[in-house]
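Order of writing sets the chain letters: A, B, C and D. Residues in each chain are counted from 1.
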Amino acid sequence: MNDSREIELVGHIIDSGIMEHVLDSILDMGGDFEILEFNVGKKKTDTSYARVRVNGTNSDNLDAIISTLHRHGARLIDSDDVTLVPAEGNRIVPKGFYSTTNYPTQVRINSEWINVQNIEMDCLIVVSADKKSACATPMSKLERGDLVVISEHGVKIQPPERSRSHEEFEFMCGSISSERPTVTTIRKIAKEILDTHKKGLKIALVGGPAIIHTGADSATASMIREGFIDILFAGNALATHDVEYNLYGTSLGMDIRTGELVSAGHKNHLYAISEIMRAGSLKKAVDNGVLKSGIMYECVKNDIPYVLAGSIRDDGPLPDVITDSIVAQDEMRRYIPEIGMVLMIATMLHSIAVGNCLPSYVLTVCVDINPSTLTKLMDRGSSQAIGVVSDAGAFFPMLLDQVHILLKNSE
Amino acid sequence: MNDSREIELVGHIIDSGIMEHVLDSILDMGGDFEILEFNVGKKKTDTSYARVRVNGTNSDNLDAIISTLHRHGARLIDSDDVTLVPAEGNRIVPKGFYSTTNYPTQVRINSEWINVQNIEMDCLIVVSADKKSACATPMSKLERGDLVVISEHGVKIQPPERSRSHEEFEFMCGSISSERPTVTTIRKIAKEILDTHKKGLKIALVGGPAIIHTGADSATASMIREGFIDILFAGNALATHDVEYNLYGTSLGMDIRTGELVSAGHKNHLYAISEIMRAGSLKKAVDNGVLKSGIMYECVKNDIPYVLAGSIRDDGPLPDVITDSIVAQDEMRRYIPEIGMVLMIATMLHSIAVGNCLPSYVLTVCVDINPSTLTKLMDRGSSQAIGVVSDAGAFFPMLLDQVHILLKNSE
Amino acid sequence: MNDSREIELVGHIIDSGIMEHVLDSILDMGGDFEILEFNVGKKKTDTSYARVRVNGTNSDNLDAIISTLHRHGARLIDSDDVTLVPAEGNRIVPKGFYSTTNYPTQVRINSEWINVQNIEMDCLIVVSADKKSACATPMSKLERGDLVVISEHGVKIQPPERSRSHEEFEFMCGSISSERPTVTTIRKIAKEILDTHKKGLKIALVGGPAIIHTGADSATASMIREGFIDILFAGNALATHDVEYNLYGTSLGMDIRTGELVSAGHKNHLYAISEIMRAGSLKKAVDNGVLKSGIMYECVKNDIPYVLAGSIRDDGPLPDVITDSIVAQDEMRRYIPEIGMVLMIATMLHSIAVGNCLPSYVLTVCVDINPSTLTKLMDRGSSQAIGVVSDAGAFFPMLLDQVHILLKNSE
Amino acid sequence: MNDSREIELVGHIIDSGIMEHVLDSILDMGGDFEILEFNVGKKKTDTSYARVRVNGTNSDNLDAIISTLHRHGARLIDSDDVTLVPAEGNRIVPKGFYSTTNYPTQVRINSEWINVQNIEMDCLIVVSADKKSACATPMSKLERGDLVVISEHGVKIQPPERSRSHEEFEFMCGSISSERPTVTTIRKIAKEILDTHKKGLKIALVGGPAIIHTGADSATASMIREGFIDILFAGNALATHDVEYNLYGTSLGMDIRTGELVSAGHKNHLYAISEIMRAGSLKKAVDNGVLKSGIMYECVKNDIPYVLAGSIRDDGPLPDVITDSIVAQDEMRRYIPEIGMVLMIATMLHSIAVGNCLPSYVLTVCVDINPSTLTKLMDRGSSQAIGVVSDAGAFFPMLLDQVHILLKNSE
């Protein structure tokens, strides 16, 4: 009877909850288990090892269980090379394909474990024709003949383990709270910004137009000018509102200094777009002196790349906006590998889009006045994110302050 | 046929929307009208006058229409003295009683118009036995034999008119927005605080425990110490969390400086209450040196009165908490007449309770991270309130800063 | 001195609040007024007429005031033909351009008033070269040489007037409430659906993927099959989840009949897309028998047009998705002129996108579990919308029931 | 050196996550561990056993760690009888008191383990003078001389273990989702209602006034009449709105059948209270025929006990309302021991109040349109609750339907 398989688990499998999730999942799915071997790390520096026989109610059930256990980090004892099947057409996934997690992943080819490049969730793994490399490939990029990994055989992932040392900020991962001390949380984010740069990694800002509405434009522009932001992901709205504010002092016609709607101010939005159209691009508008301050200005002046993705509700849009969503995704993905930290501020659409492409080990902080945005981000797989329920207009000036305080203290 | 009555309207009845609401209501309710006289104020300083015949489909319909028009400020032409009926029992309202608005109100007695004292919404008007005075009386205070005003006859109200001069902050009344510039809004609130004190009126703070959770305790305590808050309305939770934080550094067991839960910190909440129990009251705990800082400390030290109202979910509660809700309401009402401005921060229960007792002319600012709290407050009649969707932990430190900046600039 | 102009107002200008808004705006903007003539409609069927001299503090201020009054329906007495200026480049708006409202609009050309076609907010008005027609034109469609209307001269709009007869549903326009009787509200929506069809107008559904998650797929498919929906506007997510559910019983891997996550169910999402890729399109998948039920199936079977607009967070997307946001907007606009009612369910992105293109007289009902979505829709100009805070999974089955009950009762 | 202690863990300690939480907490708090013995249950029916030496950085640290481990279910090897200290005054807690969880709890007295009665969270354990019984005692009931348990010595708790068999509904515990299939969720709740009654346990309804506003009054009354609800916990608002609706057809003046505000309807609220005042109580109003239908009517007719707790924002209140919050809590606690399931609908205040008093094994379902209410309930310790983001007006009629369907199917 072949509805039984052996798996093994290695590492800090108890205190990281891996053992729990594995046994739980077997029971949840109607299976059964026998623990064949269990060497527990006696001290906190020791790793543990477990060998478990998994029984399914039938062979389909067993496959389903194994597939789930794999996602918790279990490996089949009898691991072999990956099975590869050529894609039968562009963007047509083979039956039984291996669907990626956002954890670091290796595949076994010719008896060697090689790293999967550009890991992101819900992709296929495509192995190069020479079988020397493997790459996580979104469905939209799958081409006829691509060698696609099938099933979990020969695939290993490394779910995040709790670090052995107590990390200051880590305890908040996966949490959302509107009941935390605001200044304390912001101080920790400021510290992570400096630490990320110390490690030589980049910081991306994913921002929505509320940054401008709520009066955080200049604090955000300062963050960019002073070098704390390395990449900007946004939409037409953020860029247009920023230009409108910096050309006319308004955001969708509201005077930011008074909070009042300005007569005929609603036109400023279209004038702002039009001025950039006339110049040809944001860069040209900066170069020819039309745009003299703000978030987009600082990006241009400081060579900070930006990806502005179009959406169905855009006015204009600005000439810099990539209106095709697949092209915009590709452009966004170009910058992902260098990123060590992402700040997502007041935009559900772009936050989820970027979250979809991030490996699990990128520190992700999402700030929104609406806790539902944070819940949705995490539900969609960015479970490593730290959710902060706050107001962009208060958050950014306070963050800039805290960064300055930390820098001063560290001098 | 008696289903027709004449009403008159006086004042800035066009640009304050009163004329619109009156005609609209007549149509909405199935009635009809004829405008008998209409002298429109030609210039902005002129008042207008209208006399309108109102027709109802029958006499009940006409009564219903007249009752509604009254609430928009219309007066019956043939106004006579109020009709009075003695209450048949304690807390038993007579049929057809006049139910108050929160607008300034006068009643006609012995052919003279006298002001109704302590106006608040949804009360009865009780006229004194000597018929020299009238007072808005909540149902819970109605006593057998009280002379209760029946119907709108002989009752005049003054709904708020748009002021002729453009007021900076006023345009926001009745609005809620998470898309306003945060710093700008806070600056306006700071200005209103100073202006209210210049007018010799008092400022009440209605606060929830999130003031402590979000790290705003010391900014709030400073506001009290520096004299910007004159009365505190809250519950057991705010006071207990404040004491817990100032005795042990935690709020419900979370260390406010680190945002982390402290081992056994959940006991601090009960210890905090117990320490005040032991002292006998907050005041005694301050006097004997147990409580040395925080919101409640500053209240005691600066003779700022506080009303702590009990609720069904309280632990303890503190000895200063008034556990009977009717007694607590009465105590709260004692302070209402002197108040010119109310800051409601992060508490739906107490905000609505205080809002219920406020006349319409008290400037009411409500700050909450959850826009639903603001909507509910306004839906329950506090339509003059200004709603700010923000985070107490960011709001209070920023408000204190802005008050300081304004004071410095005005020197 | 030229900082004074005469305007006139005609219609139910008092009870529709137009007179109030006009006088208010003048005062708000620092101007002054004199009412030169005011004939008030004495009875509810009579219209009123007012002639008002408006004074500004200077000529710029006067222009700003006049521009605002125009948007309330005021007309300049000395109205002349529109001023036209050719656009200097593609998508470059001329200085001083007239920015449209979503109200019915006319322009005066050669002394005749002609209707502006395809009115939608925040567009330019372009007059044809032969000056026989005028069309609201989004900035993205503006071409070099187009004749663009400048300023409010020669432009008339008709803001909505309160209808004279009491309409059942109308009182809710512009309101949001989670505190209304759910069944009552749904019954009214059902009635409007039948009434819209009686008038020969079409009904559009704008839907998000929560329709599937919350279990409303089959009720929605029934609505389409039974002819209550004429056009579908959505994104990749709704269509993909619908296909996934109808092929595999899951939505993003959750079994809709049990609410539980299915092992390896996360792959179903990609399989669903892949199956449609293989077929070539949704239509072909229906034709060749792959897709046999659901929302998209019913659209294909019943020749209900759909516009699926791409977004940056899409997986796949399906071959039917229009990935370029500007192309998708154009496609969406093709269907707008025939629409009399729009149901927006659980999607902020698509709701605002469609709302942007709708004339003010289209009945717009927006249902979302999150009141912020409704607030944002209205804040962005769709002020005629009726907001319902409810759950798609409860709403659609109850709506279908109510439609059936109404139909049965009317037999 | 005494900063090391041995603890033991027994049961399904791996798959219930207990082992993980224990080791994690030690590391989080700066401690260290050595696993001395670990017998793992090889099969799913076997229990595991672990003996662990815990090292703290000093004796205070060790105490803190042990205290935390205790709450995860760890027991000290060298367990002895509990330490008892008499309370020095009413409501004054002794230093180092044991603070209860909401898990089943035992204390060791005279070498025997006895169950703690009336377990609820954040209480003290008071042992009777004869040392024969122990009872969880809220601080407000603590009296001078009461024998209070100090520290975790001699105290054992049973945190919930994952049940070995796969329970249908259980997987949702501690979760909140607006993205679940509504009908499916409601069907499961219906099933739990029937199952709870089969087990001979009682079902409590904790309800807010939105039950009336949203039109769920009669479905809720049916639930009571048909015997599905055994106890009602609410406030003045639910009862008053129910009476208002059943006497006058309105709720806070809104006609529930049309959703429109009724002229002078705001008075109905006070009339409703007044009518009950006149009768003397809800029961008398039912007995003398004044109140003939609705939620409160069915409670009286069917001898369903209700506890109506007062709050600071009440009008009236009704004579049945317990205005003192401490008296109301006591009354509420009288009914807790018999309860097997609680439905909390649209009330944050009462839900948290009841949640505070419930043992962890009571099935708790909380339904609210606002996900923040659910988050707060769980954050305050009711972590076993199942949160459903839905609309009371849709939920109750659908729940009644599902109960009827299940009953019919089981016939």
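Following the convention adopted for this analysis, a contact is a pair of C-beta atoms (placed from the backbone, for glycine too) under 8 Å apart; a residue touches a chain by one contact, two chains touch by 3 or more.
What you see is a predicted model, and the numbers here were worked out from it, not measured in a lab.
Q: What chain lies farthest away from chain D once each centre is taken as the mean of the Cα atoms?
A: Most distant chain from chain D: C.
Q: When I count C-beta pairs in contact, which pair ends up with more: C-D or B-C?
A: Pair with the higher count of C-beta contacts: C-D.
Q: Averaging only over C-alpha atoms, locate the centres of chain B and chain C and give their separation in whole Å.
A: Chain B and chain C have C-alpha centres separated by 37 Å.
Q: How big is the gap, in whole Å, between where the Cα atoms of chain C centre and where those of chain D centre?
A: Chain centres of chain C and chain D, defined by C-alpha means, are spaced 45 Å apart.
Q: Of all the residues in chain D, which ones touch at least 2 other chains?
A: Within chain D, residues 171, 178-179, 370, 372 contact more than one other chain.
Q: Chain C touches which residues of chain D in the complex?
A: Listed in rising order, the residues of chain D that touch chain C are 168, 171-172, 178-185, 188, 210, 213-216, 254, 256-260, 369-370, 389-395, 397-398.
Q: Taking the complex as given, what residues does chain A use to touch chain C?
A: 29, 64-65, 67-68, 89-93, 95, 97, 99, 122, 138-140, 235, 263-264, 266-267, 269-271, 273-274, 277-278, 309-317, 323-329, 332, 348-350, 352-353, 356, 370, 372
Q: Which positions of chain C touch chain B when the two form their complex?
A: So the residues of chain C in touch with chain B come to 14-17, 19-20, 23-24, 26-28, 30, 32-35, 38, 40-44, 162, 164, 166, 171, 176-179, 371-372, 375, 379.
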